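Structure in structure tokens, see below.
Every chain is named by a letter (A, B, C and D) in the order it is written, and numbering of its residues begins at 1.
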């Protein structure tokens, strides 16, 4: 069985599969449970300056077993309350990445500092929520803003900073390059795609907020394209996500250029047991395909020759 | 049964379902066949200045019955050869929208003029192909460029000009607004989402071109969000598309703000009989829901009250 | 599975509690819940109080703003339903004690129905603030269950908490299981009363819910998610959580002590 | 269904034609084709020359650059296969005349196999430029079909076009159907020869293909798409197209006269 351990900047991961931000991430006990279920690490819910209830329900809609739409609205207990949840996850031995969101560079730096002080192993900056006014994509679609935010946080903390880039952009690779210039230790992608569902009988959007974000298998091809384009632009490691639910999905991301992975919606569709399915399956698959270590497969698809004219 | 006829700017449509560009659109006989199968109109393949063979195969990949990835590479016979295909479609009585692609405003105007001269009822400008270097999204992601291109074509022709906007942008609504400022009679959305598939056994992208575009049911939620955002920004009619394969899909688009619709991938997944399924089903559904005419349902979902906090 | 349906029936069960019936074909088991969407307002988790046949039902008590509006919903109104979600009561025990506080009877009545149909002996300890608020008293009686009542004001049955009635019943005769739903302090007392006698207790637990898909973490209860691992938990499982009877979480995930 | 498989066998059928065998479990019928992906090169439509069992086969003639490279593929090489696509020959006729030109025998041999297995009488008119290029002659003989040969240079059988042989056979005895595959001019002649006798003709037609899903229009043939409505067409259907035998389209969709 091939070696799945990877190094994400200075953080060693027992396997590449991190719990994605926003899934099982509000409570420390849930983070600990994901770690015990075999995750290689856990990313917290994105935490803001104060408690936020999020949007009213309905907050989710599903499409068969291939798509999920959500507009939670970044509910979170706020950075004053959240350290006790991180402590529980760290207490269980988990590798923890603290996710934060904010409206500008100064607030990002302040929150990053507070989150880093909880003892998390790395930070992830949510520059990419597609449906929260004043946050996420709204602050993360301009390369200059991304660079400024990342730089401010990098200056404020000692842990590695991961910039989570939006796919809702003309050039996600350019945003990743901006994050790298700002000093990001890694970039992660993708967050959800801006999306909508309408109930035709009720003549209204299904989600209370109207617009939401699409995740799950449907977005895997989009996530792969983002990771692919980023790999051609940056040298820092890429954390790939979007629709990963099978070992082959994971390997597609790795070959497209991802060194670590996050898993979100699959936990709703397949349960938390998906972490063991992924780790066991990926180790076997790599072995079959002749890779002794996961790291050897990173970016492998970029090294194939293209047919003339393609 | 409710009245499905709609007016797209000055063009009356017997029903709102147009054949989408790039599907069955290279040959006049195929366009005529789609019209005979019940399409409300047909959009041609995007035509360029000269013949283009497109990318080598593989050019497509499918995901269950919910997603399709393609990178055809804008193959087309070129504007010198294509008029004879348009003539066949017009000869069959079809309402024809001529699609063109080009690298800059001047070439768009020249091609638009040539296409208009074939007698098409309207033009669609492909500002949104996600995988053709120098065309499509590459010329269609900046509002200023979109406005300039649309203005140049509008000056050159007398038929209504529809600007096909990319979803691979931070603000598709802003691009639609730019097209409206440029004088577009309508905007259409969405083209495919930039996407990728990797074959892990072969360690290479599946498509010869590498990057491609995602279409089919998977992109419906994204297309709906684009149409929704455009409806809040512009007054000209919107042609909605992306994953339409059932009457309820169509109605979602209409309630989100679309006045006409295009259907592409469903023709591969369900056959050209889908046009009759859509027209019959939509007329019945509108009736059931109390709409005498399709036009009454346009934008209906925007008129629903939002819960507090959403 | 989500569907939008027209409310087909409305019954005022008590002055503060209404049952809504609606067509919903999916199979469901007692203990499971649905997400009830009041378009333009909110979507709330509601246990199914009628689980059999194509016409399901929920029984809603006026609590906050949304549930109060649910009480005013007229037949014919369009509502959204998705589910059913969550686990169900294990119906194998032969002698069951049901302890219901307030709207807790909503989820316990269909469980009692099925248990009776399977031949179990069902005893019900039913509590409410006052006599008119005793939910499903007649429904329990009609299924030939033994029903013992407690009201806070003594307007019917024993005066005081239903937990006292439950403790007495546990002392009087042997039970194979206790099923309970109500305020968490009440359920804790039921667990304590049953523990010395070794009778297993199963509680239907409520937490704030959003996705109901085991994803968003809103309904976290220790290492569990009520929407997926519950809402029915054994006392043993609950003992493994620091939360039960101690705190729940608000919509922002903050811990709120009971 | 797309899968990447290792070539399990390679047989040189003629100096310019090779059969590749590969594991591909999907059920297939004679007449259907697959898209054969040579990674790093191109993907080509290829009729299945072996349709039964889990090991399928294609038989490829060196034409352009890609097909030439296909001939060099060694067993063990990974190739991509998706399909099977398209329609199949109707196997109900009892007396079948097969007219094969060049690599056309690739798609007709498995049809003959099945027809024989169903008890039909099969007569084959097999044409090639010269004797060593006669594809599947021995395979047709081994299935107890009557085989009549024509070569351009007269090195085996009648000298000249296989269409002359076909015309003679049509005159000699009655047939319920003709199945043909080869150059379009050849197939047109076969149709003409069969018309006065009222024998229905079914042609396996080739057009440039890309999606094979009835979407991209590359394979347009009049109002049809060869990938979906074909590749097997009746002469009546072909008569309704302006294209058959007249022009095909290149990769950019331009009409190219034959």
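Things worth noting here:
Methods note: a residue touches a chain if its C-beta (ideal position, glycine included) is under 8 Å from a C-beta of that chain, and two chains touch if they have at least 3 such contacts.
Fair warning: this is a prediction, and the values are worked out from it, not measured in the lab.
Considering the contact criterion stated above, the chains in touch with chain B and with chain C alike are A. Most remote from chain C, judged by the distance between CA-atom centroids, is D.
Rounded to a whole number, the gap between the C-alpha centres of chain A and chain C is 37 angstrom.
Centre-to-centre separation of chain A and chain D, using mean CA positions: 51 Å.
The distance from the centre of chain A to the centre of chain B, each centre being the mean of the chain's C-alpha atoms, comes to 32 Å.
Multi-chain contact residues, meaning those touching two or more other chains, occur in chain D at positions 39-42.
Residues of chain A in contact with at least two other chains: 53, 56, 201-202, 204, 208, 304, 306-307. The touch graph of the protein chains shown belongs to none of the named shapes.
Two chains count as a pair here when they touch; such pairs are A-B, A-C, A-D, B-C, B-D. In the complex of the two chains, the chain B residues touching chain C come out as 304-307. The touching residues of chain D, counted against chain A in their complex, run 39-42.
Across the interface of their complex, chain C is touched by residues 22-27, 29-30, 32-33, 36, 45, 51-54, 56-62, 68, 70, 72, 75-78, 81, 199, 201-202, 204, 206, 208, 264-265, 267-268, 271 of chain A.
Partner chain A is touched in their complex by these residues of chain C: 2, 4, 35, 37, 39-44, 78, 80, 209-218, 220, 222-223, 225, 228, 241-242, 249-255. Across the interface of their complex, chain A is touched by residues 53, 55-56, 63-64, 66-67, 69, 73, 137, 141, 166, 168-171, 193-198, 200-205, 207-212, 214, 217-219, 221-222, 224-225, 228-229, 248, 251-252, 255-256, 285, 289, 297, 300-301, 303-304, 306-310 of chain B.
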